[in-house]
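Structure provided below as structure tokens; questions to follow.
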Amino acid sequence: MVTASSVWDDVARIRARAPLVHNITNFVVMNTTANALLALGASPVMSHAVEEVEEMVGLASALVLNIGTLTPSWVTAMEVAARAAQARGVPIVLDPVGAGATVLRTHAVRRLIAVAPPAVLRGNASEILAVAGGAATTRGVDSATGVDAARAAAHALSDAHGCAVVVSGPVDLVVRNGVEVRVANGTPLLGRVTGMGCTATALIGAFLAVNPDAAAAAAHAMAVMGIAGELAAGTAAGPGTFQAHFLDALAGLTEAEIRARLKVEGDEARG
Amino acid sequence: MVTASSVWDDVARIRARAPLVHNITNFVVMNTTANALLALGASPVMSHAVEEVEEMVGLASALVLNIGTLTPSWVTAMEVAARAAQARGVPIVLDPVGAGATVLRTHAVRRLIAVAPPAVLRGNASEILAVAGGAATTRGVDSATGVDAARAAAHALSDAHGCAVVVSGPVDLVVRNGVEVRVANGTPLLGRVTGMGCTATALIGAFLAVNPDAAAAAAHAMAVMGIAGELAAGTAAGPGTFQAHFLDALAGLTEAEIRARLKVEGDEARG
Amino acid sequence: MVTASSVWDDVARIRARAPLVHNITNFVVMNTTANALLALGASPVMSHAVEEVEEMVGLASALVLNIGTLTPSWVTAMEVAARAAQARGVPIVLDPVGAGATVLRTHAVRRLIAVAPPAVLRGNASEILAVAGGAATTRGVDSATGVDAARAAAHALSDAHGCAVVVSGPVDLVVRNGVEVRVANGTPLLGRVTGMGCTATALIGAFLAVNPDAAAAAAHAMAVMGIAGELAAGTAAGPGTFQAHFLDALAGLTEAEIRARLKVEGDEARG
């Protein structure tokens, strides 16, 4: 069950433990996601050299893989890191940025899942459909499809790989083992800033570092993203000030704010 | 003719169509230019792998090439993308960041122009002089020369390659086919934030995606940059808050603000 | 002697001369450090291609080397740049980000120091201990050790290589030739934003460009970081707004603010 208490317990654990989260991510969002992890209370490290990723993942409590601005040498590094993470029991979260837009990206995601199934896969509807092999059209890195269009694909991927799957959208859908949770927190401003999807993925990494229940960790992260976004939207004058206020909200997030704002549609089996 | 109405019409088209703008740009500004494109209403994608740039440019309505933080493998990817863009009629805007500072950069720009002439070339005076083969001294990535020093070079490049050329400065000069437009909007704070020239180039990409007149698209983008900068400068306490307010101003820009502030010195033939 | 006047004189020189600072740094902080250098009054350039770093460093007044997000090809470029800097008398500042966390990073730092000793080496306690060959544990890129634990290592490195060594922490320790200066300015918020250590290193580059006394340049930079941080903390609501206010404070920094806030524990020989 995802409740205000379960969200808050994880936030408190992250703040107390400052888990090291190893990110192999894209150039556009490295700074953004590092700052979001720091604001939440985690300790981010960005490292992609194939010569060091095994060592680095050995120090970490979670591994974040994100295929934006991908090249083949980065896929290799991600594979090496993923294998090392799997061997050491470090949970992986995978973000299939732009899957479906190009063959390179779609294949990279499928290969990474085959190498070491992630604990959580998070994408927008187009990306999840593309990973599942559906006929989605990914337009660049933005979804052209609604969340529910990817519901069956999300369940199929979850069932096939044993992972939680998050389909991000105005209402986020989290599925695992046939169970669904919907998180309705958020603001349209999250879509007006680059890398907020990637930030959600990075925060899932922090929650995985303190919570072995992948579906709960994913739902908690999406709730915290949405609530911090709502708080920031309340004071921002546009997408520029929103970015700063979002980090402030994340750093200052209280149990009372979670309790007042959490909008989770209760766990239910797939219909 | 560049008028408040012509600027506003393009802004409204960008917001309505959210054109996909494919960027192969430098590491310093990727986040900044992606956020500026989003704030304006366009949909940015950053992708530089030679394995995927042809596919990606095929989805896009404009291609932005920027040679900051260049290496030879990036030049190759830019050439492949430029050829694909040309074949599909996707307009290109090229930013010769630091041309004249190093042989690598000067040669890369000339090769990219030879491979596929851009619709728009935008640089500061030093860079435009260097591309034209003049004796400019580029000091790092900042211009040491006034806009008018590059006027003849801009016309020569425009005449040789059939492109619009923008020389950025306190008053921006846009030339094409012997015609000149000057845009006098802006604020010194634009020079105190990294990547604002690159941001202008990215925004030109968005305007090219909705307007086939390259000189008008370029002038409209420079006007919007300058006006958003003026609005942000009115409320910022320094270059840090200016960045956030600039994005807010871009996202909220109204026809009335353009009408009240636009400072274009009318189109005139070269004297 | 580090005094408010000596700090201010350097700030005024940087603003008057706008020295070009060449950075070969990591992907996470490129934008952040470029903006901090611009806010201070310097002129940053980021360039890492082995084909151009010699030319670029020849235009610069200081070279900043930072090994975050390192790969072997970047080490090669840093070596080429370091040799060129040494040959031309351009001062180098080196940031051993994550030294001790992986073999790649520790070895890269040692090789860079062997190729061309920097004027200043700046790291946290874990990193300085790792570079010196001590038994520090570097947890990702954040220090797990107090500043004084690295005091002997800092002196050993300074004595061995003739450089100033900065150990960053709540109170920064600057050592050279057996002399110590401690700078007690700062705010915990500096630790809640990614790349503020890297920013300190970049600012040291700007101070080295105008001051041949490496220990003084380093101490001045740390003081300016700390004071701008204190000013920003006074108005920020969290780490997001802090980033913007920090740049504003850096750009607006006055002699009176330095005079009112500087906390330097006077130069003293090692006890």
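We just call them A, B and C in the order they show up, numbering each chain from 1.
The working rule: a residue touches a chain if its C-beta (ideal position, glycine included) is under 8 Å from a C-beta of that chain, and two chains touch if they have at least 3 such contacts.
Treat the numbers as computed from the prediction; the structure is a model and nothing was measured.
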Touching both chain B and chain C (chains): A
Same vs different contact residues, chain A with chain B, by half of numbers used: different
Rounded Å distance between chain A and chain B, as computed from the means of their C-alpha atoms: 33
For chain A, residues that touch 2 or more chains besides their own: 27, 31, 243-244
Interfacial residue positions of chain A with respect to chain C in the complex: 20, 22, 27, 30-31, 34-35, 38-39, 43-49, 51-52, 55-56, 59-60, 243-252
Touch list for chain C against partner chain A, complex: 26-29, 31-32, 68-72, 98, 101-105, 139-142, 192-195, 236-241, 243-244
